[in-house]
């Protein structure tokens, strides 16, 4: 039944990729293994180094080119695209003092959103959802915040950071604030990127509700199931994000300064809004299932009712006809001149009576 | 199927407006952008400045007219209707020391109710529900409380503050209390405005329950779904409101004085009552769905039962008639004088037997 | 369809009275407005003043008669029946230093159970359920505890305090304890009064379960819905009561003495038992709905099965009769002497075969 | 319908006994009233007094015989069977300094499991479930722990303490530990006694699951409802027990010594296991209801399908026979020599075609 | 119905083994009784003793051979396979100072995952799931952490520790860390071993979803019920594991050093991921049940619809044929030359009309 199979695209099972990519039980912690799939041709390191007055933006080849940025007073944002170059990662880890466990989590791109606090740096994992090939898929974005540097790691080229880059280039507030503000700006961009995703869900739900009212088919059911599945995926990305933001806001200086905290609180508000809507959509999807089941059953009832009425109408009539089809030699009615029209009359009267009865009962 | 489409007015999807009006991911925080829709012709600034003995009420044109009020010792309430004049807002922000992030939230009128604490002022976002064009819609009311001043922002002209204005004019307790008491009075008016909304829900639920008992139709189902949707919208406005009031009550002097706290606790009680009823109504709506499904199924069963009984009655009779309609040459019964009435007798006996059986089984 | 309408008495919608009696949004706090309905002819003030050795019980006319009691060292219980005399209430408030907000809540008899702590007195609101005119209705009981005095307010004459009065008259422990112990005794009487209410629910549930087993009708469904509604009402009264008692127990001396606390804990245990049973009954009511739906569907299935079996039995027989009712000139069977009995034999064999088949399948 | 009535034994309604035995609202706290039913002939007091080296076990008649034990240094366990001798109880209370409220709860044997802390003794109420007369019934076990003495109260003779008695006689660790260890041992015996109860539930669930797979009948539904009800009863006994154990472990010396605490923690672990299983069984019972409903509906569908297929098969054939049973004078087919076999051929072809069609659709 | 019985393999009831193996109520705590089943031939003690530079790996016979390891400074891992040698266990307990209650729990292999803190050692119980004989079964792994030693107890030979052994042999980080790091490594191996189990669940769910779309049968229902049951078992193992890890991380030095804590936090993250997926799968399984019920009902509806349409088509035609099969002497139509074809025409017209009507209604 390939036609059916094709019709139903539920998206991949929540957590499926997690399982197939989870590390083997018992391997040493901190072991760096590249992710199974290479999703960009070559690993690229993009650097933006800026102060209130200066801006240096380029693509570097190796870790050693990064060392001057690390030691400068300006804010440095290092964005790494592609994760399969384990050596480069190890080099970065040593140069910036990143914890091996955190680096391992960068490569195992199936983490739950979380914030890990190390002695002199923070490690954040966040999720980025994208609809690829008709399926809702989630990428991992890893972010390190050290004193003066932000390092972000991305498996693919597309990211949600273009607007932030633009703001840095334009030289507004972000240029004169520290690395924590930059980290905030990046996290905020990731959080706000859920709004368009939610908008898509809203559209899907509205389309489904229209479908439910007009003409629910079996595909409607599959779509409702699909949307519930996708909302589970969404929820798994969104719930822990809130905790991450709470924990981020609570970090003390020097990593997170007092002035940045108010912005993080604002970002937290957005995360709560997203969560709130996700839960509302889940409630709506459950409600739609109820309506679907009820409408399908109503429609079936309608079919059965009209048809059964029809059958019930003709069954007594057929009986009457059958009576006068009997071959008894002594059936006085058969010889009567007006017998035939009388039987017609009787049959019409019975039919009319039944119709009136059905009508009164509201079955027609 | 426009007729159906028209029948079902579910109200707008919860959170829909939020999504379409949410800021673009990655834009700088504190960017002031006017809301997409201009809902009043012109921005109006209404000022009420009062002390125990004095009352000054007027409409001003620009921010500079407000400066004397700001610096006076009396309590000043500045009510801004219409949000599209970004310059005016920026001016107000500078004059009263309002935080840019808060001002941004005033303009993005899709916030969740919340309370943000800034160094020397509080920022509250609350919701106001209104039934407009047969749909339950929510407006945002933003409120700033500084030392001596309350600023409120409203997108449209209609508001829930008329009774408060009246109380100020009449010169009762509110005149001799501070700005925190004024803020309380405004928040209280907003919270209490949910009661009439809930009353409407109560009426809708009672009407639906009557409908359920009398004659549930497919529209009843749609109405139940509609009410559950609207209750989701209501709940999204009501839940966070409670937390806002808890946080408000916990603020320390000088912004919120001890004497006002007891009033805020009273207001909090009302918010809890509203929340409580909302949840009760949600439970009721779920219960109504169960009753609906059960009643529809019962009614279908009734139809099927009566009709099937009728069919079952005539099927054996038709069979008997069919037997004596056979054309065998040697059918002794056919030649009997009393054959025909005997068959009638048989048929009546069978019918009576079946009816008795159905009756005993309780199917009639 | 008045017959139906009469059959279904769901009781009033939970919270309905709350809404219709809620104060108008924006009115000043502390405004004393009499409740819309006057439920006793005249307001009566009953006083019991007692010490270990003394007991003074009478009905007074005005507030000034109460002043000596207020200032004495004995414990005074002032019980006010009827709420429409606003002046009297204001007088009481002034005489005993009651907070205006609390007095307002006494009159708005739609409060949720709560405990408000004022500087030198406590204010408790509790609920009293009663089945009036076949409907579960809730009255509000307001209680003030000051140093040495307890004031209770009741809208109607009937109350749950008779046993407490008896104990005071008999002069047992209650006479030698303080006002806090009296307050405890009154609250305890109110809490324990829920047990008979719950007993009624238990009886209703047992009757419904019997009905479910014997002969569930459509009214059974309505009764289940009704009981779930009433349990929602009950739950709204019972949940906050627990919190009230926790808060009451936590009050410090001088209002609540250490020795009374152990009694309050006992009372709290009862409140938890009531809550526990309420939740259990809600679970039972949900379970009953499942059983109802299943039983109704089973009964329908039974009807359909027997009837369809009957129809299926006669349809092939009627076909056979129809075959030999055809008028072909060349039908050899028709001329056979034993044709007619043979057809009867065939028909009986077919019927027997079908019956055997249905039997084996377990459909008979 | 006595047959039905007998079939369904749901066990008594959870909380039913509580309600009928609850004290009358408003009676004085600490009033000792015997339980309504006398469940043993005579009240018996069993004493075990032991130290590391000594053991004295006997049955005493009155309170005064107990006084020497009370004042000795050895550990004394006083086990009272039967509760109707109120005087004896009052005597015990005075002799051992038990709080009147606690004594009242001993007699009102409908308490929720709880732990009350009094100045120099603890009072524990626990539940003991037993299947009596095919119904799950719960008894109350009350336990006082004073310095050096444990008092237990039981309404009936059977108890779960035999193994503890054996341990005391055998003279193991329990002999050289204090009263708190004895209390632990008794509580532990009560908690562990739930395991056999749960095992019975497990057996009932497994039997029901087999029934569900083999041949679900209407009684299966009643059994599922019955098990859900009994699980509600079980849950009401098990939930508060956990809190009791947590509170017990937290008591300070001298009543509970540090060394006993580790044993109480172990006992707490068992209580959590019991709770955990109870919740798991509730989930299973809900799952079984889904399976039941689905299986019943599947079986009905099977019946309907086969029967409707049969009907649909013969209806067209009967129509064909009917056509050639018409009496038109000019029906050329009737005169044909091969008309009759041709019609048979046609009918067989139609039947075969329909069967093929139904087969292809998977309806046979 | 053995065929059915064989088809449904639900796995063993959650908690069943717990109940049958739970200790008898009232037995003394710390009583060592071997588990009822002997699952390995002989008890084997495997020792790995290592420091940064040294590694000693062998199998010993008795407790006395272990004493030198206990007293050395190196880290010792003692892995005991098989639990039926109670004497050996008692010897180990004495030699390493293990608490008798903990040893008892080692033997009662039905514990919930937990962590018990004793004065100088920790006791952890964790679960290991395995699919044996088509059923999901859980083994208990007990782990003691003392200063310098880790003792693990396993009922069967197979374990999840091979990768850890390999890491010790290879001499990486684990060799130079303390006993707490070894304990972490073992716990981490156990936690990660849930990922393959979850992967199996994922595969089962995906297979079930395909089955749901293609051709849901009654076995699909049983499989859904089976997966829900197994998820309950999984959940019972996974939930408490999280708390165990939280508690483990919170232990103070010397048992758990600061440097190991970051690894435990990482392990905790994995446990949360596992829990998270378990809950997601439970939601999915519930969703699948809804889809199953809906699909089965849809398929039935389809059958009924087509068949009923067919019946409704022929019933009026059979009636018409019946009319002209009547034997009235005066039926003018019968004598008409074109009567027979006219009736055919009428019948075809009626059939066409009905088909058109059904088509328009969307029932074909």
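Labels A, B, C, D and E are assigned to the chains in the order they are written; within every chain, residues are numbered from 1.
One rule holds in what follows: a contact is a pair of C-beta atoms (placed from the backbone, for glycine too) under 8 Å apart; a residue touches a chain by one contact, two chains touch by 3 or more.
Since the model is a prediction, treat every value here as computed from it, not as a measurement.
Centroid to centroid, with C-alpha atoms defining each point, chain A and chain C lie 42 Å apart. Chain geometry summary: the mean Cα position of chain C and that of chain D are 26 Å apart.
Annotation for chain D: residues touching 2 or more other chains are 297, 304, 308, 311, 315, 318, 322, 325-327, 331.
If you draw each protein chain as a dot and join the dots that touch, you get one closed loop, with every dot joined to exactly two others. Taken in ring order from chain D, whose neighbour in the chosen direction is chain E, the chains follow as D, E, A, B, C. Every residue of chain E that touches chain A in the complex is listed here, in rising order: 160-164, 166-167, 172-174, 185, 188-189, 192-193, 195-196, 198-199, 202, 205-206, 209-210, 213-215, 262-263, 265-266, 269, 272-273, 276-277, 280-281, 283-284, 287, 290-291, 294-295, 297-298, 301, 304-305, 308-309, 311-312, 315-316, 318-319, 322-323, 325-331, 361, 363. In the complex of the two chains, the chain E residues touching chain D come out as 1, 4-5, 8, 10, 13-16, 18-20, 22-30, 99, 101, 105, 111-112, 114, 116, 118, 218, 221-222, 225, 228-229, 232, 236, 289, 292-293, 296-297, 300, 303-304, 306-308, 310-311, 314-315, 317-318, 321-322, 324-327, 331, 333-340, 343.
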